[in-house]
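Look for subunit A in each of the two complexes below; its partner is subunit B in the first and subunit C in the second.
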Partner chain A sequence: MEHEFSLTSETKGACLIIATSGYINNTGGEAILKEFSSHFERGTRKVVINLAHSRVVNSIGMSFLIEIIDQLNEAGGKLVFTNVDPAVDKMLGIMGLFGFAGKEKTVEDALKSFTGSSS
Partner chain B sequence: MQETVKLIVELPRIPNIELVAIEGLDRLAAHMGIAEEKIAEARILVTEAVINALEHAGEQNPPVKVEYTMSREEIVILVRDYGSGFDPSTVPEPNVGGAKNLPQQRGWGLKLMKSMSDDFRLESTQDGTKITILKKLV
Partner chain C sequence: MTTQEVVDRLTIQIESLQDGFELLSKAPNLKELGKSFFHLLRGNVTAVDGFVLFRNARETAWERLFGKGDATAALECVGGSEVSNAFSFHSLKDRPFAVVAVHSLHDGSHIALVLGRKLDKSGYSRLDSLTVQMLIQLFANAYQSLLQRQKEKGLVFSLNHRLLQLNSLIDTGIQLSRFHQETSLHHTALERAAALTNASYGSVTISSGWTRKERIVFPENIALKRPKDASHRIRAAFKFSGQTYAYELFDKESRTGTGPFEETDRLLLDSLARQVHAVLENHYLHLQEVEKQKIERDIAVAASIQQRILPKSLPVIPGYDLFGTNIPTRFVGGDYYDCIALNDGRFALIMADVSGKGVPAALLVSSFHAYLSAYVDTGLSIVDLARRLNAVIYGASTEERYITAVLAYFTPATGDVEFVNAGHTPVYLRRSGGAVEDIADGGLALGMIDMDFPYTSARVTISAGEQLLLYTDGVTEAMNSKEQLYDATGALKKFMESFAPQTAESFISGLLADLSRFTGSAPQNDDITAMYVMRL
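Presenting the complex of A and B:
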């Protein structure tokens, strides 16, 4: 299993899609936050985080995502997680993240979920 | 095939060493023919337990010890550090957020271990902390 963390990002219309790979620890979480922040500063308010290739995560890494949710919610934006491994899904549920962020099966579903939102 | 397999590993305080514990877990699961999805929650439990232990282990103390006893039905995960211990009753329950308040950002390890395991025990003294987790695999 590949554990080295990396991320890629792309924009589709007004949406930022961040795809992670490998272990999301504090360093990985910080990298996601940094990538998000650079787009947020330029006005991006719709964000997808694709966790398809991150099956090993820790709570410190995932807690950086709370900062992203906070900034987006303050600005009227939204974060949607996709391709969440069932165990990670359970973890994020216990942490209460799905009360403040969305969850879809695929990136395409996430992009569709933004349709009609104002940001 | 053996009824149970056991693995004991000592983890020094180096970055991402918890991944060694994960690799060991995966190796045992593969040997026992346990499917990937059955072991996924155990990975999170091990990760959180080891991070917690490394945080409390102290610089000069012996390395964190991880011990697995795995059968096809369950795994017992024992994580031991030799730090100065802590009083778990003083660790506040993390805030999962409400209608307006977002969840708190730190302090989720114990909550996750308790919530995702089938049995969780924590014993902490001035000589260190021992966490024992039972996770069913069927």
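Presenting the complex of A and C:
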């Protein structure tokens, strides 16, 4: 069963890695956006969101993810989701997020995917 | 400025306007729109500096869309400006900025331009005013286009979300139907329901009457709060197998907080609850079917065991006519009978009934048959045979299982029969005059107590024209639809007394017909077994 939301973040080189845990709803989405914004303002343009411990996302949570994708895309940056649960994968797919954000199996794969990226 | 110069400038500006609109239309947000607009404007009126300000409505404060440095002076300049519904353009005196222009947009919001001096330090002309007006109109169109795009984006999001809800509902239905653990089923259904309706949290409460048996909450470990009002809570409940399952969701989320649920949310929750109900019912029916199949298999095994050890036919004994039958019930009662030829010319007559039904009873009959085969022709007296069988059956059976039996050694030449009745129904001996005698001497059922319990035997002689009937309680306890027993008033003995058959088989047939008349349409609930020995 999904528990209340929490997140951790770290930076590896120029990349921000946010690992979420629990229900990504309004509270969860806001927390992710806040964490992202604090790094974005300082120039971070490569972001990984590790969803390994989040199996449920509602559409409000998703709207925060879209906002992050929008901001990054406008600034020439990129967001990559990793460890996506099949149900969440389908959800993000139907909502069209993978047209604007990447998806990799692991955080390491995501970091590799940034190699060669101009931003 | 000559007419030609005006025409040339207007021509350039028209081209600039076309490019400008294209640029403004691409702005992804209001800030970018403001920025692009200022650059376009500066190129057309050659303003050195300035600010683009915006406010959502007349009552709200101005905010900067674009402009470098401190905006306080710019905000002061526009603060005192009259805002009509149309475009206004004012020159400023004794201010750090030269002009301020304000325009009402279609949605009630306003845009203001506060421009510094021109590059050539000249004043703003009428032509500049017209240019600003045209460009602001361009901004207004681009702004409308931006809002439209945002609205379309929202609409696409909303449509995708509806598609997602539909898709998830189907997926969830498939996923739920595969569940075998009831708790996981509720967890998954609750998670999906909360996510699809944007509920902040939810619960499933399983109760029996007034007693709450289990509560599952989502997210896990969250403390359930009382919602602001009833519209912030939706509920779908169903009853199954004496329990009530109530799914509840609380506080529909939006980016600005929580609010009431919509009718669609209620429908979604109802639909998921119905799916869970169907899964529980199907699971219950499946378990019933599995149990039924297990019972059917057990019955088939038991029947097969029993039928294998029952005699295909009884031996032919000159001067006698023997016939036996076993009519098993659907549940296999564990009856056994036989007539076994011994090496010394005698025969062993056996009628037995194992307590209980099904495979355990059939297995014990099988053991009894094996022990009997081992000991019956070893020269033991009938009492010792009974004692020996009691000991081995006691060791081979569980506490609640035992065997009632009639064991007899029969000498055809003399008609002598020595019986031990081990807790079984009495043997009936019909004398030539028609009177029927009971033979019940013996002891406890076999396998009941292992205390070397003394069995006693009874001896009778069958003379010409006399008959013996051995049977199980399936005959005497056959029941009719009024739940009356066949032998409650001694019907069996009366039947035997009144019926003088030509053959042993005709006696058994007559007895079965009498039983059938008595029981009518009531189902047979125990094996019916009987063996008839006639001395000719």
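Quick notes
In this section, the second predicted complex is superposed on the first by the 118 of 119 C-alpha atoms of A that agree within 3 Å, B and C clash if a C-alpha of one lies under 4 Å from a C-alpha of the other, contacts with A are read in each partner's own complex, and residues count from 1 in each chain.
Quick note on the criterion: a contact is a pair of C-beta atoms (placed from the backbone, for glycine too) under 8 Å apart; a residue touches a chain by one contact, two chains touch by 3 or more.
All of these numbers come straight from a predicted model, not from anything done at the bench.
In the three-chain model built by superposing on subunit A, subunit B clashes with subunit C.
In the superposed model, A:96 makes contact with both subunit B and subunit C.
By the document's definition of touching, neither partner reaches A:47: not subunit B, not subunit C. When the two complexes are overlaid on their common chain A, residue A:32 makes contact with neither subunit B nor subunit C. Look at A:69: by the touch rule set out above, it reaches subunit B but stays clear of subunit C.
Judged by the touch definition given at the top, the superposed model places A:55 against both subunit B and subunit C. Residue contacts after overlaying the shared chain place A:18 against neither subunit B nor subunit C. When both complexes are overlaid on chain A, the residue A:85 reaches subunit B alone and has no touch with subunit C.
For the contact definition in use here, the residues of subunit A common to its subunit B contact set and its subunit C contact set are 1, 3, 23, 25, 55-60, 63, 66, 70, 87, 90-91, 94-96. Within the complex, the subunit A residues that touch subunit C are 1-5, 22-23, 25-26, 55-60, 63, 66, 70, 74, 87, 90-91, 94-96. Taken together, the subunit C residues at the contact with subunit A in this complex read 28-29, 32, 156-157, 160-161, 163-164, 167-168, 171, 187, 191-192, 194-200, 216, 218-222, 253-255, 257-258. By the touch rule above, subunit A contacts subunit B in their complex via residues 1, 3, 23, 25, 55-60, 63-64, 66-67, 69-70, 73, 85-88, 90-91, 94-97, 99-100. Within the complex formed with subunit A, the subunit B residues making contact are 16, 18-19, 22-23, 26, 37, 40-41, 43-44, 47-48, 51, 94, 96-97, 102-106, 108-109, 111-112, 115-116.
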